[in-house]
Structure formats: C-alpha cells, structure tokens
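Each of the next two complexes has subunit A plus one more chain, namely subunit B in the first and subunit C in the second.
On to the complex of A and B.
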C-alpha cells in the first residue's frame, strides 16, 4: 500500500499559514519580547565614544556614517562574535565545508572520476548544501531498544565537544581566540579524551551489535594512540616552557618547531589520523566489517551532526598541528605598500548632500586596528605594522598552513587500505611511543646543550 | 563433516564449545556492505571468529530446472545469468557439450573468436572482482580504477557482440556473428593499453605495505587442504597446485596457444588476491597470440537445423572460468530439450573453504578472506 499525498488546495494552504502566523505572533508577543528585554536588562552593553549603547541607539548609529565603524568594531571585539563567527564556530565550519568539497574533488581526480558536478553549476559547489538539506528532510529513526536520552544526546555532545576544541585554537595575533587559557594544551588533551567516551556512550546506548563493536574499537583506538599523541607534543612544551597555545605560536616567530622536531611531527600526524578515524585508521567505521560501526543506527540529521562534528574536529586537529609545529600565524607580513597621502590625509567619503562626513584612511585599517591611532604611529616610525595588518596577514598564513595540513590528512584516503585492530596496538605502542620518547630526548638535549631555550638562539 | 573439513589449530584461550554471553553471534548479510547476496553467521569471541557458517541461497533462480523446459538454443540467454559479467565463460561448457551431443564441427576462425571473447570476459570479471576486493579492504582507489578500466574491454565486447554485459555470444556451432572489420587493430590497441594500466595496480595495491601486512599470513590454505576441500581456480593455484583446465584439458584452440599457469606457494589471502591479477596479464598474452594466429577470413558458424535434437546420451564438458573450473553436465534423450542439465561452478566449490579459513581469524580479516575466495554468490546459488 502506497500512501498517496493529499491533494494541494490553496485555501487549506493559506489557512495553514494564517493559523501558524497567529500562533507565532502570539508566542513572540507574550514570551519572546519579554525574554529579549530580560536578557537586555542583565547584559553589559558597550560604551562607544562615552555613550552607552542601547538597542535603540544601535539602530540609529547603524545609519550614521561616523558611528558605523565604532559600532562594528565593538561588535568585532565582543565575545559573541568570537564564539559564533570569527575564530570560533563559523570560521571552523567554513573551513570544514571547504574541506568536504576539496576532499570530494581531490579524491575524484585521484580515482579518475569527476566527483560532484551538477549541483550548483560550477563543479558541484552546492553539493554539500544539497546533502545537508537531504539529511534534514529525512526521518530520524531510533532503534526500539535504544537508551533514548543517551542516543539523542550523542550527536549533540559530539558537535559540542568538537566546538569546544575549536574554541581553544588561536587563529591570529592579538588574542583572537575564544578561550585563551594558560593551560591551553592540557585543555586540548582533555577535549580529545572526551571523544571516545561519546563514541562508546552512543554505541552502547544504541543497543545494537555492530555499533557496539564500533564503540569498543574506538576505545581500543584511544588506548593505542592517545599516549603517543600526548607524548609527541611534550617536546615542544619542554622547549617553550608554556602550555599556552598563543605563547607557543609566539615562540616560533623565527623558525617553526618542525625543523628541530620532525619525529614528533610525524608521530603527531599519525596519531592525528587515528584520532580523526580516517583511513587507514577508520576501524570504528569499517564498513565491510561492521556496517558503519558506531554510526550504524544514526539516521537523518543525527548522522549529519556527527559528520559536522568530525569535520570540525579535522579542522581543529590540523590547526593544532599548525600551531605547534608549523608556527601558526607567524610568517613574513605581506602588506601592499600604501601611498603616504592615502594614509595621512585619507580619502573623504561624502554623504548624499556632498559633505565629507567620513574619512577612510586605508582599506580595512581603521576597522581591524585595536587602537585607531596606530597608523599614525606607524607613519612616525614607532610601529612597524599596525595590529590590523598583522591580523590580516596572520589569518592568511594560518589558513594557508591549515589547508596544506588538511590536504595531507585527506591524501591517505586515496592511497591506503584499512589496517587491522591488532596492527593498531602494535603501531601505537611498539613504534609510536618509542619515537615520541626519542623526540622528548631530542628536546631535552637541545635545552641542556643550550642550543635552544634560555641562553640559546630562541 | 569432520572427516571432510580438516580441523584447524585455534589461538589459545578462545571459548569455542559453549555458547554463552561471551560469544556474540553476528549476521553478516544479506543486508551488509561486506557480504554480497548471502549471509555468513559469524560467532566471535572478542575479536576472534570461533565459528562461521555461510548461508547461501538468497538468489537461487532454478537455472537448471528452467533449462529442462527450453530447447538448446533458447537456453543460451538464461544460462549466462548466474554470472552476467563472466557470461562467455559460464556459457562455454554448455555450448561445447551441446556441440558434442548434436555432433557438429566448429569452424577454425570461430574457435579463435571464442577464445578471444572468453579471455576478454575473464578480464572483465576479474576487474569487477578486484574492485570489490579493494573496497572491502577500505581502499577506495582500488575500487574506482578497475571499475573504470573495465570499461575499455566492455566497449570492445560491445563492438564484437552488440551487448555490454549479457552477450549471449556463443552458440552451438560457433559464435553468433562475426567480429567487425577493423577488430584486430582495435583489440590489440585496447589490450595493450589495458595491460599497461593493470600493471600500475601493483604500485598502489599489490606492493602497498599496509595491504601486505594485512593480508599476508591470513586465511592460509595449505596445498593438501586446498586439494582435499575441492577448491578450484585461483584459490587452488594460490595454494601451490599447478592446475588450469586450459592447460590440463585444452578445449577449442587452447592447445595451439602458449598458456602459462600462475602458481603462488603461500596460500594466504594475499596470494589468492594476486593470482587473478596475474591471470589478467596472462589473458592479455593469450589474446595477442590468438589475434596473431586467427584465420583472417572464413566461416564463423556451422548452421544448426531448426530446433535441433541432441542424441541419446550424456556429456560433461568443463572450462576454466574466472572463478575456476566451470562444468556443464547434460543428459539428452533425443528431444529438443535437455533431459537434465547440471552446472558445476567454481564459486560453490570455493565457498566450502570459507568456514575452515575463517575459524580463528580476526573479525577484521573476514572481508579479506571471504572475497579472496573468488566467490560470486549468484553463481553459487544458480
């Protein structure tokens, strides 16, 4: 028996819209607007030019050319912007989406295929959006015997943990990080250790055999690879003497640590592949053995959320590799030489009546500088680069390096088959831990010989 | 069964006899990405397989019974259905048997055309098999490359027969139609390119250190056990037995061609996966020889009478198919239809080794061992 869709009638359709609109308006008026007012009452609003910003003033200033830039700057330096947009979730999700696109096209080129081609006209750019829409529109099926609260919680926890990992990653100089912790690296280890727990929780709560085996395998993978992962990063900690990720990046302004610690970088890269569950270490999701592993029972957007989380995790791991071994955002500052007149006199922008109301000094400079007068100091020779220039240059370097690392993370998928469970433990404990200790001894030797560290060239 | 299936030394500490909470039973298939159209009931203790019970029969179509209701010509299209991607080779023994029953001679040129078509089809089958072997091991490039290069030969077969997969090309008395005019040149060019292409598989797959570490010394089938279990084809040759129907009982013009048998000694999954690849290279050699020796013109078919009747008697002919010896046993009682027809196929005979090989292996080795048996579920069910 097939279910026939009910016939479309315009009257019913309009009635449905009006019914919905009535309820939406009622709920917003009675509950939404009071809630917003309560939130605004307790929120600390910024003070711009000695005037307290209120919601009404924000609307007024938005259309006032002289106040737009201070307003936008106050938004840029707010916590919300950092969490949602730039160094946080939005930036990571953008890179994750790019990663999925590049992965599909690169793998297709490697395998003499075309890859996504039709969706979005240009090389299948919108394929990911199409997939997302498909996943959202699919029905979510929960196994009858599943432990429902845990099973529901697992994808959300997975994305949340991945976002927590992203929050610890410093992206650009000047404190562009959501959570700038002094124990940043320890926090990273804590977050990484949380992923297998979510995996085993979701696998066990599904109450199904193949997910359970997948969850056990994920734990096995954690046992095999977590120790060399932590040990491989200790060499850098010994050399820099700090766990703060931003300070680790600042310590590499002359040279990246990969020059002195290639062994640690190799160990970290290998363990990174294992933690990301990518081929050749995708044992928890090995489809020819255990269907889809711990993802078997997920359907619809629950599966989509897990995928989103795993690609956020991929970005975060690649960024961590860049921060610790490749020098993060450090690199030659490239900034186009600006004409002096453009900076000192600026370009006046008139309003509709022809009166010059706003002077723009150089593209982007007033917007991204922490202090608006930095360009003056730069002209007088007190500053080499303004913080806006450093920010833009740093972000470009960071993204370039991260994309390069992501490329090398994606590449093994086209080259290697999957390894076996006993080989995993053998590689992790016999080989990688030994190599990680060699790396630590190299670091200790460099410090005690005085080559690096206090008194050395650093 | 104990005297047929040899006992195997299991790793110590495994619980084998009693089934309680410690042993988990997994239904691998029929809806499982690593099974094909069959089910393997696997019992695991931890990561070790303590018992494996293959359960074929999901795609049984009664080909043998259907053959009894159709005459010798209309049997041709449905008898190739068990393995449509090796359709020439599965049809070959039937055609040879009917020729013996009816008593007709095949023209020399038709024999060469048959050999070329059969070898091309063997390559097409092995490429398909290899693609699935690659994806079973998680190697997606090895899935795409053979599946793409297979198109070369499929196009070639389309030029010869007019159909891409189900050719129905061999008929009693020769082949259905002649090859196209410029066939020799096109075939030589395609086959040369194909050979150069499959040699590149060694770089990414057969010499891959992870693949070697994974498949070597897993699922080892010794020479004695291979003979005793009655395996055939690439499984038998990977265990060190020099046996190939093309060499031992040459049919059509295989005795005039120089056929080399590829034998590997180790008998593990790696050897079983490598022998078909070597067979493909050998097929390319055979095709080149056949193209050289083939008469440039002549008849390709001895016409049969309408609705031909077989004589009184029975016949058994066999050939080397992509999965091993494929035989066809026909009893004829002077009727236009066969009285009884029996297909003896390599897939089913290789499947017998599966429970023996899987016992004591790790769960991760299951796809590697299972698909290395060169097994095609539809053919085994017939």
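On to the complex of A and C.
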C-alpha cells in the first residue's frame, strides 16, 4: 500500500535536512562559485572617481552619503539597467500591465458593465496581480500529440521577439534606448517579420485544428498587412532622410509629421490594429468561431507569456506611432532648466555689510546627467539643455502620447464587430496599399517642391 | 586582426559559419519538412550574421526582413498545406546520397581552390564601410533604369500570376 504522506519520524526529518544541505553545498561549490567567477571575469566593472567599483567598495559606499549618488549613477547608466529596467523590458511591462487593467475597465464602462471590481478594494486594482498569480500556479498542459520542442519554444520566442522590438524604441533624449541603430526602422521591419513565423509554428506544433486555423488566418493577415505597414512609413523616411528612430524624433522638434502625412498615419494605424490582432481584425483569435484561435492549446504561464508578449508588442507599436508621427518626446519642457552656475558654483548670500556668509547650491537633477561635459557645452551654447533636465519632461510627453495612442487602439474593441477574412484581405491589398502609395507620392512632392525634406527649408 | 592571431571576430565568424552550414545540411537532411524549413531560416539568418560582420547592417536587415520574414514564411506555409503523407514520404537511395555528397565535396573543393588562387584573401582594406545613404543615392541616380526595369518585370509577373490564378467558375460575392 502506498501512502501519500508517510508517518513522521524525527530521524527522517533530520536526514532530509542534512541531505538538502549537503547537496546545496556541493552544487554551490562545484557549479555556483565558478559560474559567479566566470561572470565577474567577463563583466566590466564601472570606474567611479578613478576607483574600480568592486563589490566590497560598493557595500562601503552604500553607507557613505557623498558617494551614493555616483554609485547610483553608475548603475543607472549601465547597459543592464537599460535592458532590464528603464527604456527596456521593465518600463514596457509596466505600461503593458497598465494597458491590460485599463482595457478591462474601459471596455466594461463602454458596455455598461462594472468590470473587475472586488479584487483590491478600489475598482479591482489588484485583479491583474491575482490573474498573474493564478496563471503562475496553474499546471502547464501540453497536448499529447503536440510537437513538444516547438510548442515549448513558441511562447518564449514570442516574448523574446516582442522584447527585441521594445529594445529598438527610444524613449527620451540623450540616447535613452537599448539599441541605437543607424538602421533602426529597418530593424523594426525585420523584427516584425518574425511574428508570423512564431505564430504559425506554434499553431502547427499544437497539432489541433482550432490553433491551426487561427495560425493560418494570422499568417494571411500579418504577411499581407506588413506591406502597407512598411510602405506607410516610407514617406517619413523620404522626408527625414534617415532610418535612425532618434533622429526621426529630433526632426520633429517644430511640428509632428502627422500634419503632413495624415494618410500615412491612418494607414499605419489600421495596419497596426491588424498586426496586433485586435478588433476589428482579431480573426486569428476569434473567440466566437475558433475557441481562442492559435492560443487555444496554451495553458498556465505559457498563455501568460503569450499575453505578455502581445501587450509588449502593443506598447512597442504605439510607441513607434508616437515616434514617427507624433514627435516622440518633443514638447514643452516641464522642468525649467536651471542656470548651470546655480548648480555648480552656487549663489553667495551676503550679510548686511555685503560680505558673503554662506553659499546656496541649487540641487538640480544630479542623477540624470549622464555626461558632466554637457554642462560645459551648455555654457558654450552648443546645447540648449542638458539631457538630464530634458529627461523628465521628455519621458512625461512620451508616455502621455503613447498612452493616448494605446487608448485609441483599445477603443475599437468596444465598438466594432469582427470583419470577414475576404474583407480584411480586400482592405489590405487594395485600399491600404493604394493609400500608402498616395502618401509616398505626397512625400515625394513635398521633397521635390523644396518645401520639406533634406534639401527643403526645414 | 594582427599577425593572424585569433580574436573575437574570428570566433564569431567560425560560430556563424558552423550555424549557417550546419543548418543548411539540416535543411536538406531533416525528415520533417517543417523542421527543415526552420533550419533553412537558420541558414538565412546566418547569412544575415555574415552581413553584420561585414559592417553592412543595411543589407543584413533586408536579408532578415525579406528572406527570413517573407520567403521562409512562404515556404513554411506551402509545407503546411502539403498532405501529411507527402511530408514523410522519402525515396531512400544510398548510392544517390553518396554520389550527391561526393559531387558537393568536389564542387566545394574546386570553388575553394579557385577563390584561394585568385588572391581575394590577400586584399586588406582599412576604408570605412559604405554608408547605406550612398547605396540609396546610387540606386536613385546611376542605377535607376535597372530599377525601373526590374519593377516592370515584377509587376508583369504579378499580373501574369493573377491572370493564371483567376477562377472563372466562382461568382464574385458582393461584400
């Protein structure tokens, strides 16, 4: 007879503890410590004030008030921080989480429902955390006849590709982007091209009819809408003469391109909806026809990963729209830039006799200036503001615009029905491609008339 | 690359070569056509890696967007629409296999000997990589007749394909 829980004995209990301790010590000694040493060997340690920042020095400086800001700055301007936290994954995941919550509440309000309500006392704020916990704790079920390697790889690849897309998005002036490529826009097209492959492979590997139908639909939709997507952005490339996304934003310091390229913006927004598989183009996940489309067989955290990837993709597409048509981070500066001397030299305050008794330093924004030389450049008139002073207002403008675009992406879900497949392809191949060409001809006209563009007045 | 000492670029070149050639062999030899086309994607992506190593990210991105993003998807799509029995049916003939391998080795050796003999390997240059803006400028100034000709040929072939694929027996639905 087998027992699920054997009878408790102190000897077994102690033996279990000793066994675990033995194996942990063995594995840490044989594998963990060498792994840490290998990582430390190849990691570039930052140099602060001429001293190499080792782990011991970091702990020492943690309790030294004068060295805390340089310490935090050295972490803030490391590549790891960029990839994991600010312009990269963490920032995008935060916006994605906010998007999911806003989507559920806003849809509910549009359809005169309540939406998430009980979890977290106030308007269901903690519903998302609850859903995440549920997904993590659920069992991952894989269909018996599925192609297991591909089925396992698909969600991870999906999130990875979405994160690669996020990495190309510049968020604030001064190079706040994970990968600042000269061919940034082309890299975006290359990354977008991977989504249909992953979708169709995951659909095929599930070996079930609903995912396969959904995957074939997704393939049709994504491949045919990639063409107007690429064509609609070419107008802006012709006018700016660059493919670097940061330079495209900087070219819009006077006016956003949507003023001259409204047709391109409309085409790009429509194709964006189709690439994101959102209503009215949600045929790949049509829940009233084919269960959940290509997501049908995913369960537990695999489903969670695919959802995370699709919302990261949503953020990245909205941010791309903002960067190309709405001027990215440009906008009125919220945080008034201080005179440099107030920060570096301070203001001497005299007593009644006119003798300076104390000097007051304005704090400025010490954390956000990557390069101290920027202050010198600002004094010489080469730079208008230092990047630290522009960071906060830039990020605020970028997030405001991105959230507005995300709102307009979410809005059709409460309003429109799903369109038919033939109508979808008709729109994609006849109307959107035609409109995209009209947009390119407008851009060419503006360039050759000498109004805008590389040889124009602006 | 001084004095022929191996450096990071050599290791990277070796890794990408192994990836490219290995997945090319896998693309031919895999029993499953779907895995074969995934291996083909690996080959095309490896070629894109070579372009990145040669300081031409522009061509590399186009390689990824066009070949991995579109051509490989088309192949995958076609493979998935083929009947299952046809996917797994294969004519086994060891003689033909060995003949093929021998032919491949002879071809590679001959080509390699020609390339090594031609003196290409001795060319060293320190000039900057070509800017993609110059490539675009060349396309629009010197090479535009060829570009227009290619566009017409492509448009003609698309129209021909549409005419061939048109079915007379279905009535067009009005919305």
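Please note the rule applied: the second predicted complex is superposed on the first by the 380 of 458 C-alpha atoms of A that agree within 3 Å, B and C clash if a C-alpha of one lies under 4 Å from a C-alpha of the other, contacts with A are read in each partner's own complex, and residues count from 1 in each chain.
Basically, contacts are C-beta pairs under 8 Å (C-beta built on N, C-alpha and C of every residue); 3 or more make two chains touch, one makes a residue touch a chain.
Since the structure is predicted, the reported quantities are computational estimates derived from the model, not experimental observations.
Contact with subunit B, but none with subunit C, is seen for A:291 once the two complexes are overlaid on the shared chain. Contacts of A:110 after superposition on the shared chain: subunit B is touched, whereas subunit C is not. When the two structures are aligned on the shared chain, A:213 is found in touch with subunit B, with no touch to subunit C. When the shared chain is aligned, subunit C comes close enough to touch A:197, but subunit B does not. By the touch criterion defined above, A:189 lies against subunit C but remains apart from subunit B after alignment on the C-alpha atoms of chain A. Of the two partner chains, subunit B is the only one that A:416 touches; subunit C does not reach it. Once chain A of one complex is fitted onto chain A of the other, the partner contacts of A:163 are absent, as it touches neither subunit B nor subunit C.
By the touch criterion defined above, A:241 lies against subunit C but remains apart from subunit B after alignment on the C-alpha atoms of chain A.
Within subunit A, the residues touched by subunit B in the first complex and by subunit C in the second are 422-423. By the touch criterion stated above, subunit C contacts subunit A in their complex at residues 34, 38, 41, 57-58, 61-62, 64-65, 68-70, 72-73, 76-77, 80, 132-133, 173, 175. Residues 107, 110-113, 209-210, 213, 279-280, 282-283, 286-291, 413-423 of subunit A are the ones touching subunit B in the complex. Residues 147, 181-183, 186-187, 189-190, 192-194, 196-197, 200-201, 204, 212, 216, 219, 223, 226, 241, 243, 422-423 of subunit A are the ones that touch subunit C when the two sit in their complex. Across the complex, subunit A is touched by residues 24, 26, 32-34, 47, 134-145, 148, 204, 208, 210-211, 213-214, 362-367 of subunit B.
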